[in-house]
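Heads up, the next two complexes both have chain A, just with different partners, chain B and then chain C.
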Partner chain A sequence: MLDRLIKIFTSLRLTIVLLSLGMILVFWGTLAQVTLGLYKAQNDFFRSFFVFWSPEGSDWQIPIFPGGYLIGGLLLINLLAAHTRYYRPSKKKIGIVFIHFGVVLLLVGQLLTDFLSVESTLHLREGETKNYSEASRSFELAVVDVTDRDLEKQVAISHRRLSKQDEIKHPELPFTLKATTFFANSELKQREEPGFQPVKGVKGIGEGVWMRELPHETMMDRRDVPTAVVEISGPEGSPQSYLASAHIARPQSFQYGDRTYEISMRPVRYYKPFSMHLLEFTHDRYPGTQIPKNFSSRVILNRPETGEKREVLIYMNNPLRYWGETYYQSSFDTDDQGSYLQVVRNPSWLTPYFSCVLVSIGLTIQFLMHLVPFLKRRLAT
Partner chain B sequence: MEPPWRCLSTGLAAAVALSSLVMLSGCGRDEIKVYKVAKESPDAMAAAHAAHGRGQMPPGHPDISAATPKIQYALPSGWEERPASAMRSASFSIPGKDGQAADVSVIPLPTTGQEVELVNMWRAQMQLPSVGESEAANLAQAATIGGETGRLFEMASEGPILDDKLHGRMLVAVLTRGATSWFFKMAGEDSQVTEQKPAFVEFLKSVSFEAPTPATPATTASSATAAATGGSDGKPAWTVPEGWQEIPGGQFLVAKFVVTGEGNARAEINVSMSSGDGGGLVPNVNRWRAQLGLSQVPGAEISSSVKKVQAGGNELSYVELSGTDLNTGRPALVLGAMVPRPGQTWFYKIAGDRQLVEAERAKFTTFAETVRY
Partner chain C sequence: MKKWLPWILTVVMAGWALSTLRPSKQTGFKTDEFAKLPVLMNGRFQPFDSVARNSLLQIRARQTVPVEENGRSRKLPARDWLVEVLMKPEQADDRKIFRIDNVELISLLKLTEEQKYYTFTEIRPQYDEIGRQAERIQKIEAANRTPFERELMKLYSATALYQRLKLSLKPPNTDDFAAEVSAYETSIAPGVAAVRAREAGKEFDKAAFDRLLRFMSGYDSVARFALPLTIPSPHPEEGREKWLNMGQGLLDGLHHQHGLPPAATYYATMVSAYRQNDPASFNRAVEEYRGWLAKDFAPELRKANHEFFFNHAQVFLDAMVLYVFALILALGSLLTFGMFANLSEALRRSAYWIIVVGCIIHTIGLVYRMVLEGRPPVTNLYSSAIFIGWAAVILGLFLERIYRIGIGSVVAACVGFITLIIAHNLAVGGDTMEMMRAVLDTNFWLATHVVTITLGYSAMFVAGLLAILFIVLGVFTPMLSKKLTAGDPAKAAPAEAGKSEVGVVLTKMVYGIICFATLFSFVGTVLGGIWADQSWGRFWGWDPKENGALMIVIWCAVILHARWGKIIKERGLMVLAIIGNMVTAFSWFGVNMLGIGLHSYGFMDAAFKWLMIFNATQVCFIILGFLPLRVWKSYPGIAPASPSPSGPAGGKAAPAPAGA
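Right, the complex of A and B next:
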């Protein structure tokens, strides 16, 4: 039995089957983006162990095809197992070792990228300075102590934590928080409409607002907009509730004891030890057309702790790499006075480069090992 | 031939390592993060607020912002209302010829005092050169906005800017009301905006501003004198016992008093009000118990310990809890009274040094029982 299992896991046939399944998966997953959108298709086809199908009108999840994790994982096991089984130290196989190690690195690196990379966006208007970027699709409940003149203390609770709807205590907060209502995706109205429920028992701007839960958004150009009714309770007085929603752009403030706090649902922030100040955004078009030729952001990078302060020009295909992050020029405001930089933190961004180098070295060695004897034979005859 | 277990163990080790990585990376996503950051400057916030073209909402998502102040107005004929958004208090579209439509927006922003920058931003949109501060001020005409006098700016492009075929024109009326500046903007094709200008002027006159819902109800600044008699600022009428000093209690309290005794002894009296039953007797008493380091107890036990008193047409439910002050470690006593009223519940609580609370017991009960709602 064990022998048979080993035979399967080390067989070249399995490699071929997995590569074929991988090709089908990529083709199918790419087509599925038309109906599911990029993010859902990526999650359903590539970031999963199985592709599931649900019969219409049922909640069943029937696995019908291996997903990206399963195919990639099996390929990795297959490669490592075959290599261990068949490899014999020999100068003639040095090229094969390089190629295999390169492919393993590529597979592992991609998985690391999948789990460790963080993408966010830095939006700056001309003249604006920021020391944080924001997630595009995930939100957090921010409770900010704004009492002090210069500094503010922010406690950011992930929306996943908030969705558990249990009591949230933190040493930095003198009160307890609890989401008594939580909608991962929602819609708000300022008047009664069918399907909407009134927001009850809240202070501040939630009074008179109607809300309803929406299904998860799957399309690439849309996103979930969470809403929660958050109860704040503590030794001072009776509990009070506030409506915190990503629909509401401005924070609501309240007093607790002698401190002033602001509460809001905002995109997840990633703070940095430096700031970026947008001096100028430039948008060149091809003459006589509206087709963008080039767009660039001239920013000042300021890092007080090291005394670093310099001007940087970020433009298409010329990102800024700094503090383990890459800043790409990604979009701009329609009035050409604001810029969007895509911020990517990917600790394993070098692995594809290393793996390509390793595979290239391996292929070159293998090629030369055949070419040189061949040429020698030709010359000898 | 390698031993077979070696092949499998290598593969499995890799799988386990990867799974661990996956699980490790999954951890921490639940976390609560704390940042201490410098406050954003008002200029930066104004710049962020001035952002338009791409708001926070996903495209096509119907968005509203209850935080946005509201206005009332008379809708000119031919104007179509559009949904308000996080930035816009009101939004309209005026269909014109050849598929063109003028856009009208009403946007409240924090007053920054940097009008010249805004004027130059609008001029840039009309592809006009920038102007200096004095010239910008001279460009303004007086306009009546909701019975108040505001400033109206009119700008027209010198060349075709709409689809490279049509001239553009923009009208922006600005009214500063305290900390908020209101911007009424009409932009579109030159002749259409010129034609709609009288309607825009009439629209400005018809505007009335609704009082915004206060984000921070002012409950912190009430003075001891004002509270001595009560009955003002939405508070019921009461007589503050001698020796009690009112201090700011924050938004969650209707009033807060403090009384001190010998040897730094201190007790605080909190008065709060909640809509409905305020969460009910049991959760509130258990909350108070937690503040004294006492364990939670079942509802039946709490209900049996409650002493009910009729006073002034109300039924007061008294609770007495003895424990430890978690901050000082000294013996502490809590006396609480809940008073259900139509649609709301009032809470009175004295908590602090045990001997001092005992000494203040009579004053506290008299205070709670003589409040006139």
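Right, the complex of A and C next:
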């Protein structure tokens, strides 16, 4: 039994089957991007063990094709197994070993990237300073105790937790929170319109607002905008509700007991031990056209704990690498006065570089080992 | 005779190619000289000639306009057409340049259905309607538009371009532009004084004030719509690229003591001379303006001259003709292989040397473009086609040099020809030397990632075409089972090579080329990942173009592993290599048609049709490859093979008696 298993896992046929399946998966996953959008197609096809299919009008999830993780994982096992079993040190095989080791490193590195990398965005208007970046797709309900402006206490509740719609207690908060309504993606209107429901029983900005739930957004350039009606209740006073929506940028303040709080639905924040201040954003175009030539942001990086303070120019193809993160020029405001920096923390960012070098060396060795004698034979005659 | 045939043919073809470079002598209006003048458009310096060709390509999909004059029809070159549009728009309005095929659009414009091309005069009554429709359609995503909507948008942008060109040198309703400009110049001083007086609340010269304002309102519309920037930067030391358009140049004269920019006066003189049918003055004005430019704008003048020469030479067209001719000769050589040894060899050598000439021309064109652009060879889809063809020709010639059986020549000529045809059709999109968008503006990555990945494409196509040849020759001719020396017994073929059959050699070629493709596709793909990591922060993003490249790498790996594991033999290898053609075509072209992702160039209908036709032909070849060996003419002696367990692995190139 074990022998058979070993035989299967070390066989070249398995390699070929897996590679072929991989190619079909990539092809299919690429075509699927047209309808599903890049983000969802990526998750459904490549970041999954199986590609699922749901028959029209049912909740069934039928696995119909191996996904990226399964194929990649099996390939990894296949490759390692074949090498441990059949490998005999020899000069002729050195190229192959380089290639395969490089491929292993690439696969493992990408897996690590998938799990470990964190992407966020830093949006700065000219003259603005921030010490945090924001997630592009996940939100949090922030409750900030602002009674003492110099000593703000923040509590952030992820929108996943909120979506369970049960009571949430936090040691820093003297009250409990509960989302009585939660829409993962939503739209708000100032007046009644077909399909919208009124926001009931809330104080503050949510009064008189109409809302409706929207289906999950799959296009790459759009995102879900969650909205919740949050009820605050505790021993002091009667429960009060507020509309917290990512559509509403400004926090709303409320009183609980003798303290003042601010509540808002905002993108998840990643705080940093330093701040960035945007001096200037430049958007160069080719003369006489609207074709962009270059985007660049001149920022001041300020890190009080080390006394580091310096000016940095971030532009296309020239990111800033700092504090284990990389800052890329990614977008800008339409009035050209604000800049979006993509912030990526990826501990395994170097693995593709190493694996590229390994595989390239291996391929070149293999290729030359065949080509040189061949040419010698041919051209000698 | 047979000994001399290759030399005679090669010299004749090379002579023909050289003769196309000779500039033609012009009498009357020297529009050639005008067309060499530099302007700034699409963000780069170019001669009027390029403006003319690219605009006409966008409007009419051709570089000439057929005209009827005195009962005779002739072709108006793009530069002559542009001169007319710029200087005598009322005449240009009657040229049939707008192609409309869509019946719904024809009826919307209340046109008759009998013609393919329409004049602007015919379209003008419904011009506003086009604008109204376009405003609505612009909000629809390009991929979701109906054929009518797409056709209307095409016409809309063609007419918009045309209208702007008409306003690029002179305001509408001006006849003697030179006289008008000099009147404007003399009206500036009193006019400006009147304006200042009026602003200060003092008494002012009403007549001078109105006069200046009348001029200014005309030039204002030119300033807003004129397309190419024709007036050289007034202060080249502050920025060589700060050119102005005609209207801006004329209005700029208001702010300076030294009067109007000289270029404006020269152009105005040309316009008047052209309208008064005075070639001598026109030519003199062009000549004087060139002399003026030579002082401060020599580099721009030189660049425009070079680009004009390049446009005029049409080297890729020459190379294309040579490849077709060589392809016919090489195929002739293959057909006569082993039957008329001497003829076959003469044809083979002719084909080889003509391809060498074609390749030299192709290389000159490629390098010339690189120098003009200041870029590595591949910057867009058009140049990728040119480069893929070039690399494939070199590979083919290399194979031919080694094996000398005509197959390398067939591959070189065929891929060279097809890719140049593709490039020719892609050029219809407009300027092929357009500027690179911000992210792509890096010569380092263009030179490394893009070039290696494109070399990978080339190799895949070469391998795929060799595979097709294997199947076609195998099924329809006895060639595969012949010895290499069968072509010419007298030929001093390599001793070892002489022993093997053509089929075996072809298999070696395909295998070797696929190894080459694997190397370049993999390195290119990973370099692309590293570029992406450098500029967007992720090594791999599953972008369609990235996936296309990955598919090539995976497919190469499949072929090589299947070959090493002896799971496939000759025929299997060939079938997989042909599938490689489809994978490569998808990666090169198909992903661009999805209309998504970072490498998207927009939806291309026509190209999609051709891609499907290409895929269909590849499937036909694959089916042909699956025919049982006993119907293959190359292996007549083979008994019906017992069905092989692994499908395509059935190929057995068992040595069959060569002289059977």
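In the analysis below, the second predicted complex is superposed on the first by the 343 of 381 C-alpha atoms of A that agree within 3 Å, B and C clash if a C-alpha of one lies under 4 Å from a C-alpha of the other, contacts with A are read in each partner's own complex, and residues count from 1 in each chain.
We adopt the following convention: contacts are C-beta pairs under 8 Å (C-beta built on N, C-alpha and C of every residue); 3 or more make two chains touch, one makes a residue touch a chain.
What you see is a predicted model, and the numbers here were worked out from it, not measured in a lab.
Engineer: Quick check on the superposed pair: does A:V372 touch chain B, chain C, both, or neither? Answer first, second, both or neither.
Structural biologist: A:V372 contacts neither chain B nor chain C.
Engineer: Looking at the overlay, what does A:I8 touch: chain B (first), chain C (second), both, or neither?
Structural biologist: Once the two structures are laid over each other on A, A:I8 reaches no partner at all.
Engineer: Figure out whether A:L38 sits in contact with chain B (first) or chain C (second), or with both, or with neither.
Structural biologist: So A:L38 only meets chain C here.
Engineer: For A:M23, decide between first (touching chain B), second (touching chain C), both and neither.
Structural biologist: A:M23: touches chain C, not chain B.
Engineer: In the superposed arrangement, does A:I62 touch chain B (first), chain C (second), both or neither?
Structural biologist: Touch status of A:I62: no partner.
Engineer: Which partner reaches more residues of chain A, chain B or chain C?
Structural biologist: For chain A, the partner with the higher number of touched residues is B.
Engineer: Should A:K293 be classified as contacting the first partner (chain B), the second (chain C), both, or neither?
Structural biologist: second
Engineer: Touching A:D258, do we find chain B (first), chain C (second), both, or neither?
Structural biologist: first
Engineer: Shared contact residues on chain A for chain B and chain C?
Structural biologist: After superposing on chain A, chain A residues 288 contact both chain B and chain C.
Engineer: Report the residues of chain A in contact with chain B in the complex, numbered from low to high.
Structural biologist: For this pair, the touching residues of chain A are 2-3, 5-6, 9-10, 73, 76-78, 80-82, 84-85, 108, 111-112, 115-116, 123, 125-132, 140, 146, 149-158, 160-161, 168, 170, 172, 187-190, 201, 203-209, 217, 221-223, 225, 232-240, 243, 246-250, 252-258, 260, 267, 269, 271, 288, 290, 331, 333-335, 337-338, 340.
Engineer: Would you mind writing out the residues of chain A in touch with chain C in their complex?
Structural biologist: It comes out as residues 12-13, 15-16, 19-20, 22-23, 26-27, 29-31, 33-34, 38, 41-42, 46, 106, 109-110, 113, 117, 119, 285-289, 291-295, 316-317, 319, 326, 328, 330, 342-344, 346, 349, 352-353, 355-356, 359-360, 363-364, 366-367, 370-371, 374, 377-378, 381.
Engineer: Using the touch rule from the top, collect the residues of chain B that touch chain A in their complex.
Structural biologist: Result: residues 2, 4-8, 10-12, 14-15, 18, 21-22, 25-26, 29-39, 41, 43-44, 47-48, 50-67, 86-87, 121, 124-125, 164, 213, 215-217, 219-220, 248-253, 256, 270, 272-276, 278-279, 284, 287, 291, 347 of chain B touch chain A.
Engineer: Per the contact definition, I'd like the list of chain C residues that touch chain A in the complex.
Structural biologist: Per the touch definition, chain C meets chain A at residues 40-44, 228-229, 241-243, 245, 402, 434-435, 437-439, 441-442, 445, 494-497, 512, 515-516, 518-519, 522-523, 526-527, 529-531, 533-544, 547-548, 550-551, 554-555, 557-558, 561-562, 564-565, 567, 583, 586, 591, 594-597.
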